[in-house]
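Letters are used for the chains, namely A, B, C and D, taken in the order the chains are written, and counting of residues starts over at 1 for each.
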């Protein structure tokens, strides 16, 4: 597994995310239909398809942060809804946290995920347990910090974050929503997974997979 | 069976018609849904319910013609659609053909049915075979004329007319409609019975039943 | 069947009552027999315009009562033409001395009931003329049918004849303008899903998930033929082609176009249809001078649309633009 | 799913294009990024009004662009708020020097995207203020929800604030009027059948033949609770009671009432609901000074309705009556 991650990893991450979101598009729409307005998968698919187009059209990006900043701007201007600004902010904060590093290590990965989480919280004002994507990003950030502190390689930190995000997304099922569209449903929001938490877990899994793939 | 028919028969006829139409309301709506606009049963039920109300409120009518004229006016002002003016005219002409006779014999019954048929044709301009109520009234009028000429009693004339009307209504099934709403369907009108022909047969059967019932 | 109604038999009465309350500045509702007149009826010296027919086509006709359009509307039961006993008092109520024009959609029931009413109103001393609207190109106009149905064109006839009456044209003049509109207007419709007549309780016809009905009317009756679902541009062409053919529209012709929703179609879809109509007419060199896009003549909650095209001349356009103030059409006032 | 569309992903673009062609006298459509502005924008010296949000609510918002109402509308994808890159140029395009008011329906997505856009437009030198519409009494307005949704009240805010801007009020003044309307308006809705989002292809929720959803929004989301079908009068009471309670309406209060169709409801049914609203308010001694009955803010082809009540004062009524000329609301001109 990779001790550090480079710009190629960031590009693989985004291509893998776009692929997975396209595959999971309908499933995410279904989740959003249950407690929202049936567009989450469509919104993200539109956004990451645009990301692919932007990456293809752009000059070869110099750093991981260059990639993530482009992603942030593209999501912000193509996703819309709640997820657009939230993911846009997440990727922007993630990019900013990386500065102009060409290679990022385990600690930087953990910082990056925490920065993304903090951006989402700053933007959306949701707390853990409100049944939002925060419930995927918060355990992911915590797991990444722990893994980095315990000396894991960058790829392993991502894997730990992805695992935690998936568990976090699953754990949204019994929650009563207090933010976003699902909160309108009151008690009826219970028993469904939050679509944004699920897509967040997919994005972090794509990051881990991109890291795992790219190393001998 | 009755040699002649009186005002009581006319009243029984209308009460029996109202009862039968109420029972067949949904079936007539279904027939009209197939090749029309799903209101024939509703229209007639509304009309004959109003007829009952008018008969209850009116002074005891002097002659069969008094009854039929009241029915004509009531149908004209409550049924609407194509059937309202057509049945209204039919009953008006039937009434007129009877003059102020208190008892009507077989020949008068035949004349009455032919007058009703002629009224419908004058009003609606349909020819036999156009898949309308004319296809019930024309064989009914012919059968009544024949029966009367052959010396049948008034009630038997009505029974012959009712039988012929029912056959005529059944025979509309393979026809292509050329008048009324069903004509808009062209070829697609084939294979369905005409609702107005079916309701006409019901009305004539009610006349026969009212005559059969009322005699020793 | 789920509908926002109380009693299926009270639908029309209660709905028209609500209409009267909502538009008390425009109309007066007479409850029994049921008809709706302009609040200031009869307008002295003006030809009165009366239309009516089965209910379920709202805003037609009551929504078009008011200045520059109808003087009275006579709503029958759902999809059932009203009876003479309602048409007659509506006719006399709007006679300002200049006579009354009946605008009748060509259905056997409407024709017979208005015919009787006209005769009886004339016997009461009202001069009555009638114009028959028969714009539906889905129906062959031949000896072997009841003739073309009156559909979307009715809205245009009511507006333009109403403007002529408001301008002060006499009865013959208003009837002549109305007839010119009838002669120049054609329509065709499509259904994606049927409607449910309240007293019937089940849909008027059943369409599979991939079927549509082409050439439907406004009474939930099945159309001329059933085809597999297509995209909006193809369907629009199927509706427009028979119209342009029948009207023999050619380059330089000017038109008024209505893209009408049948009651259950989102406005967004109507604009997609309109977009295609505009493209196709532009391809023919035909200009759209005025347009309406929305629910103007419906079939309850039917999903579908109709396209109406009127070949318009200067006078029609001028009449079109004159002030109109009704519940459903309003401009210039 | 059967819809009059071509490509589910082109629905909004094609529909707005058709809208632009149909209403070329009123609006200009910018295709990419997509927004709609008053044809005479920017109006020098006038406060510009911008609203927007997910599409599928037509005629909201593009149908309300024009004199006396909005200067620009920004339509997002179906049920998805637009992005700042469209809101920003719409904002700058309608700034006539007096600043711009954003009218934002209270949904997380709309709030976040308009917030970002406002910041960035301000950075470009446009003075921007925002008003948040949150009139849906079906949603508890508490710390534990995203707050009440913006629904039918939006139409009334846009009309009355638009009139204030047209009158020449400055940015703070227009924002204050808009806020006063927000404070005095409440809504609640019911669904009899769900809608189908084009890209989703299946209905947003499933209701049995005898079930309805009370407290729905305008995005095909399920409502607060599901109950057995009832008659129109009972349903109307369920919608109106929470509104009158929340507004604490009492005898002598004057109101503007909107009975709104969700897209698939016949006008006749809306008038039956309006009839009952009028009866109930009359029972409370509350007068309906003005009313709208029709499809004003929809959820695609959803079957259902909403009731909106604004406690109105003299100024609001005066602003309401001033000329308005948009595709969907027009009077006095």
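Here, a residue touches a chain if its C-beta (ideal position, glycine included) is under 8 Å from a C-beta of that chain, and two chains touch if they have at least 3 such contacts.
In this text the structure is predicted, and so the values were computed from the model without any measurement.
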By label, the chains that touch subunit C as well as subunit D are none
When the centre of a chain is set as the mean of its C-alpha atoms, what distance in Å lies between subunit A and subunit B?
76
Centre distance in Å when subunit B and subunit D are each reduced to the mean of their C-alpha atoms:
55
Rounded to a whole Å, what is the gap between the Cα centroids of subunit B and subunit C?
33
Residues within subunit C bordering two or more other chains
none
Chains as vertices, touching pairs as edges: which of line, ring, star, complete or other describes this one?
line
Pairs of chains, among all present, that meet the touch criterion
A-D, B-C, C-D
Complex interface listing, subunit B residues touching subunit C
29, 33, 35-39, 42-43, 46, 76-86, 123-124, 178-181, 183-186, 188
Would you pull the subunit D residues touching subunit A in the complex into a rising list?
9, 33, 54, 76-85, 107-109, 112-113, 115-116, 138-140, 144-146, 149, 197, 199-200, 202, 204-205, 217, 219-222, 224-225
Interface residues, subunit C side, partner subunit D - complex:
1-7, 11-12, 14-19, 21-22, 55-56, 58-59, 63, 192-193, 207, 209-210, 212, 229, 231-233, 235, 263-276, 278, 291, 293, 295, 298, 300-301, 303-305, 330-333
